[in-house]
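Each of the next two complexes has chain A plus one more chain, namely chain B in the first and chain C in the second.
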Partner chain A sequence: MSVGAKTTPALGPQTIRQHAASQKQGLAHVSHLSEILSFENESNDVIGALLKELAVPHRRTERWKYSPIAGFWKKHKPATCVTIADSNCEAQPVPGLDAYRLVFVNGTFDPLASDLPIAAGVVCMPLSDAVRSGIVQREISSVEKSEWFAALNGQFAGEGMYLAVEKAVELDRPVLIHQRQQGAGVPTFLRHVIELGAQSQAQVVNWSSASSDASGSVNTLTEVHVGEQAVFTLDKVQDESGEVHHLAFEAVDQAANSTFKIHTMTIQGAWVRNDLQICLSGQGCDAHLNGIFLPTAKEFVDNHTTVDHREAHCTSSESYKGILYGQSTGVFNGKVFVRPDAQQTNAYQQNANILGSRQATMNAKPELEIYADDVKCSHGCTIGQFDDEALFYARSRGIGEDEAKAMLVHAFIGDVIESIAIPEVAMEVRHRLSEKHNWDRWDDANLL
Partner chain B sequence: MAYDGKDKVLEEVTAKAYEFGFTTDIESDKAPAGLNEDIIRMISAKKNEPDWMLKTRLEAFEVWKTMEEPEWPHLSYTQPDYQAMSYYAAPKQKKKLNSLDEVDPELLRTMDKLGISMEEQKRLSGVAVDFVMDSVSVATSFKAKLGELGIIFCSMSDAVQEHPELIKKYMGSVVPTRDNFFSALNAAVFTDGSFCYIPKGVKCPMELSTYFRINESGTGQFERTLVVADVGSYVSYLEGCTAPQRDENQLHAAVVELVALDNAEIKYSTVQNWYPGDADGKGGIFNFVTKRGICHTRAKISWTQVETGSAVTWKYPSCILKGDYSVGEFYSVAVTNNAQQADTGTKMIHIGRNTHSTIISKGISSGRSQNSYRGLVQIMPSAENARNFSQCDSLLMTDTSGAHTFPYIEVKNPSAKVEHEATTSKIGEDQIFYCLQRGIDAEQAISLIVNGYAKDVLNQLPMEFAVEAQKLLAISLEGSVG
Partner chain C sequence: MLTINKLKASIGDSEILKGLDLTIGPGEVHAIMGPNGSGKSTLASVLAGREDYAVTGGKVDFLGMELLEMDATARARSGLFLAFQYPVEIPGVSNINFMRAALNGKRAHEGLEPIAGKAFLELVKEKASLVELDGRLRNRSVNEGFSGGEKKRNEIFQMAMLEPKLAVLDETDSGLDIDALRIVANGVNSMRSPERSFLVITHYQRLLDYIVPDFVHVLVDGRIVRTGGKELALELEERGYDWIKEAVTS
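Let's turn to the complex of A and B:
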């Protein structure tokens, strides 16, 4: 017997035990998907091996203990609708936003609805084209090596966006990815690859919507490389009706002195899990992670974030806010990982939640894992309810309870929405939230 | 950092041998290695236990066989071979002892070395000591005095014989056999421990304390402690551990159960200083302990722990706040040095209305050690107006050590208020500089700062323990700034 001193800390769970039943379930799912999906990375032995080696998440998997995945095992069927024209939906979900656009319907690129950027130093095209023309090589990302569902994406994702911005090029307009889920039981796999050269700048909006009869699953993996001194902003808005199971991985790798900002706005979604992994691989990186989630009814929203501080002098700040209504369940798991070399790290993490109803549940797990000594790391997590005194103040001035609560909500999540760099997106998020929650006052110009 | 002799101090301190490392030479009665039904029957027979106890043990063994050792803790160690260790060792002298004169002089010397001379303890501090040496209780004091108040304070083996109704009722009621791998193992093979019962409305006039000590080479020690505070009673219970230096890892899988009935209060304080292994991480105790208390209406359980020892610690003293208005508290200082690893914290499970819990955890990591806080705050739908405040701070002494925080917060009631905050930082260079400037050397300065940092917790300890705890902190840490 001996005690093994950890010299190189391993990120993530040390050993994940496979669970025979889950493993069987997972592999059955793989063969089920291969029957109905036209695309499959068949030649890829590595992925095939990973799907067998990695543990299929089950209730006792630490990273998945709060996320029930049974919904993914439901029977899927091939998509019938592949164009936005057939989907009874606007190609451009954000009114007034002047942006390039890539539209994917049930995982298929819709060229007619899309508007690709054509500019010097910018390459933007559907991933399938990029692979076919040899611009991008298929590589196994680190998430695929550690997460079974990411490996599943590796097996079945053939489409997505490829965006490359050359050194010192600034993209003049944001790129909007509109991902539409239409119809029952459709499995969607998307892979976005974003490469930003040194000193470049780009903004991407990833908007996902679904029809009210939509079900099935969405599995997205976004790989981002932010070059030295580059600035990248990613705004994710999830507004999906229906019963879609949405699982999104973002693997971000930042080079020295780069800046990355992400907003994860979950407006609506039956089952949503965002798994965000940020690697600060150069010195002087700056990462900002913000998110809001306001689930109602039986919705489930899970935000997993990992910030891996690999090098010195990096800062990360994180703020996630949730208000949970109905019988909804919220999960927040934020991990700040500071490696031995990452001295002078400054990491801040904040998670605040309000339980707005009796049956709502919030599970939070803010983690710090620190292997360097000269660091400033802190996290705060609160779970509470609407402030009675504030409500009383408003009500004693003739403001109804619902309206008063809406005001408090606005104040609570306002700072996160305001930090969205694109005003049209912020406006639309506010608008959709107020529609969902019947906050008439929210559209009032005075409040915005 | 700009003061001289830092490295020297560091070397001196890390090179310091474990002060309490010695072996008592007493012939002992030891079971052959391995774990099977026969061994369990043998333990039960040796202890002359009634049938129901044996039945419970065998059931626990069946359950244990189906369980797997947990892998989720942030620990890295080779799992012990449960079939290679011996599950029973008792000093051979088995005759009943009435006074200290009858105690083996070798044992008395051991106690002296530990600094708990029985006479001294009896006379000066008014502490009744139930001294557990290798699983069998050899000396009990103040029993008569406690008896007058109706307080039962005896070894678990005696309790099984003399108070079977209490044991049957409460043992396993807080930590059920199938709770976890180690609790199941303990339920199957526990050899001894302490039992304490405070009758209705009685305030225990003295601090009750138990000293545990692993003595026999290659034996695991599996204590079982049960403290029952009846309606309206109060007890403060102390537990302290030191263990002799060994090269072989030793397993310690104890179970502690606290039952605080209506309006009762239990204060449970621990100073844990098991052998942590040498500077290279060789040897040391594996400390896998399940501690849990249940609070009925308006009851209060307060856990205070100072953890400085063990090679590997896996320990989560918890409170189930079942009754309305019940209160749970957890105060902890965990120090790890050299190659030590600790994954410790608490669970506060709020079931009753208006329940309150407070968690103050201070971690200090030095050397190449890994120190993790892992805590659960769970608010059940019935826990109206529940309140929790958690604070977990980590102090890093060296750039090779690690400090980690894994809080789990699960809230199912909207009227609950749960707050959690955690910080991690290194010991302040400016603070050390301030002390140096005023003629306080680095070693003393660090001791000062660490004691100040841990003060919130140390203040919760009873007087006698606070002194010992401060000494332990000093031994574990002084000068180890990197």
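Let's turn to the complex of A and C:
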């Protein structure tokens, strides 16, 4: 599923020296992880070689230019808490949601807190079980071959969710993955593998939470194959207190006439990087990518997305919206490739941002590379401020400034949240955002 | 109700209001007329609390309060209403939720609980019928895609919902056809009462056939240069503004 179509530019002597230096530093910094994680990976040698070969991201790496990764080199410590019972947190973060559940605490599967689906045509279990019983074979995926942090995941991730839905089977309830980060300095690596057979349907919610004293890092790699005519939705909610460095890769491969919808909603997180790569490798695919992020204080949120139109008659529709408060920083990079064979592509990308304070920063870069001629591609990227005219109008009607701003915020991101297919998730996202931002309430959409 | 004393205001380097005096008593309807660019909208904006204008002198007393010391929200909650010359579109915020927030803001200021959903909807229905505001428009985003006339009617609807003590109407007649003008004027007239005052800003006399003022003031170059009864409006209609300008400068 490798997506990078461009060739690497030749390295100058200066860059090579830096590369070597950061390489050494990167490997030195993670060498202690094998002691902490005590996980023996069979493909250690191959991955080990990749880790030596691939460039460790640093400030001069284009894809990591705005993403300061120094936090990853902080000293990691083994987890002391591996069950939800020992954490201060509910197993099920979404009130009222009737869902299957897999709970991972600091990267360890918690069977007592989990509720696996048992249904004909559905295989769902911790990845370690699936590997042990030979249900999945370890393969090096293309994202591991191209991204150092993904390769690092390949080296150390021994757990995650394995979900396979057979042909024409519809999962009767969503599957909720709750990733909990608890305590200081824990390095967490998770790998989720999701395979949807032809014409099957499933919904997965990936909810990540963290304790207020949590630090360390989370590195999640999710690989998804959506079979022909299958429909898959993934709702990612990131609501992490503490100082966690969170890195998430999703590598999605869509077969012909399949539909994939993803929401990436970053409610809270000290440092968050989402790397979403969608490959439309059959004709007639439909992909929807939506995201919101509302960082405050010194939070950092980075969304890198790639949609690779490889075949004809596919549609992709992307909308990411950010509101940045305090001294927060946001990054959006949206690549859309339309390959020569991908005629009649319909690709839409929107990234709209509001700077809610003078100290906030947003770096946005749409990158469209179009090699087919019969296509419809449009994109828009805006960075603005709150609409002063609208604010004054609202205040002149007796609406308080904060409430007026909240109204404008709800109007701005409301359509993204309303497009979440699971109402309980949408509701809880509204609720958590309201708590974080001290909005009185956000029930307007439902009340009248 | 309202006493404006030597009000001066500027935007950037240019002084627009140059010492304006005006007193409005309870229940009175005052009209301000004047040529384009004379400062009518500036006066309305300064009264409503728009921060883009710097008040450089003078005092404004509103019901015993120092109006210029209050922020826009507080002024509105205390009973001041401005119908905008150019109402603002707010995509994604429904007209009705907007009004609910506004009304509850005022109620909170008065120490009242938020209005119940049902009572609110009934109130909306009643007030909307006053200006014949289509039901569809209530649920649409604030002013988004409204015609010029619909926007102006929406302003009067909002005024009716908020029941202000003093309403400033800035060129509410501009861009209205005769039917819409009548509807808007009826809406205003139905709200006239001994406790409620109006400041009607207009460029043309036409509106004053429908909303009959007690006093007419002429604003030229940031000052009120003449005050009279409703016949002054007719005189202006006939003779234009030039004779007043000349009378002032000579």
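Brief remarks on what is shown
Methods note: the second predicted complex is superposed on the first by the 421 of 448 C-alpha atoms of A that agree within 3 Å, B and C clash if a C-alpha of one lies under 4 Å from a C-alpha of the other, contacts with A are read in each partner's own complex, and residues count from 1 in each chain.
To be clear about the criterion, a residue touches a chain if its C-beta (ideal position, glycine included) is under 8 Å from a C-beta of that chain, and two chains touch if they have at least 3 such contacts.
Since the structure is predicted, the reported quantities are computational estimates derived from the model, not experimental observations.
Residue contacts after overlaying the shared chain place A:A198 against neither chain B nor chain C.
Once the two complexes are laid over each other on the shared chain, residue contacts for A:A256 go to neither chain B nor chain C. Once the two complexes are laid over each other on the shared chain, residue contacts for A:V136 go to neither chain B nor chain C.
By the document's definition of touching, of the two partners only chain B reaches A:S357; chain C does not. Of the two partner chains placed by superposition, only chain B is touched by A:E367; chain C is not. With both complexes placed on chain A, chain A has more residues touched by B than by the other of chain B and chain C.
Of the two partner chains placed around the shared chain by superposition, chain B is the only one that A:G384 touches, whereas chain C remains out of contact.
In the superposition on chain A, the residues of chain A contacted by chain B and by chain C do not overlap at all. Put simply, chain A touches chain B in their complex at residues 1-6, 9, 13-15, 17, 62, 340, 343, 353, 355-385. Contact residues of chain C toward chain A in the complex are 48-51, 71-73, 75-77, 81-82, 84, 87-94, 96-103, 105-106, 109, 117, 121, 141-142, 158, 162.
For chain A in complex with chain C, the residues that touch the partner chain are 387, 389-390, 392-401, 403, 407-408, 410-412, 414-415, 444, 447-448.
Partner chain A is touched in their complex by these residues of chain B: 68, 71-72, 74, 76-78, 80-81, 248-249, 277, 281-282, 284, 286, 311-312, 339, 341, 368, 370, 379, 381, 394, 396-426, 482.
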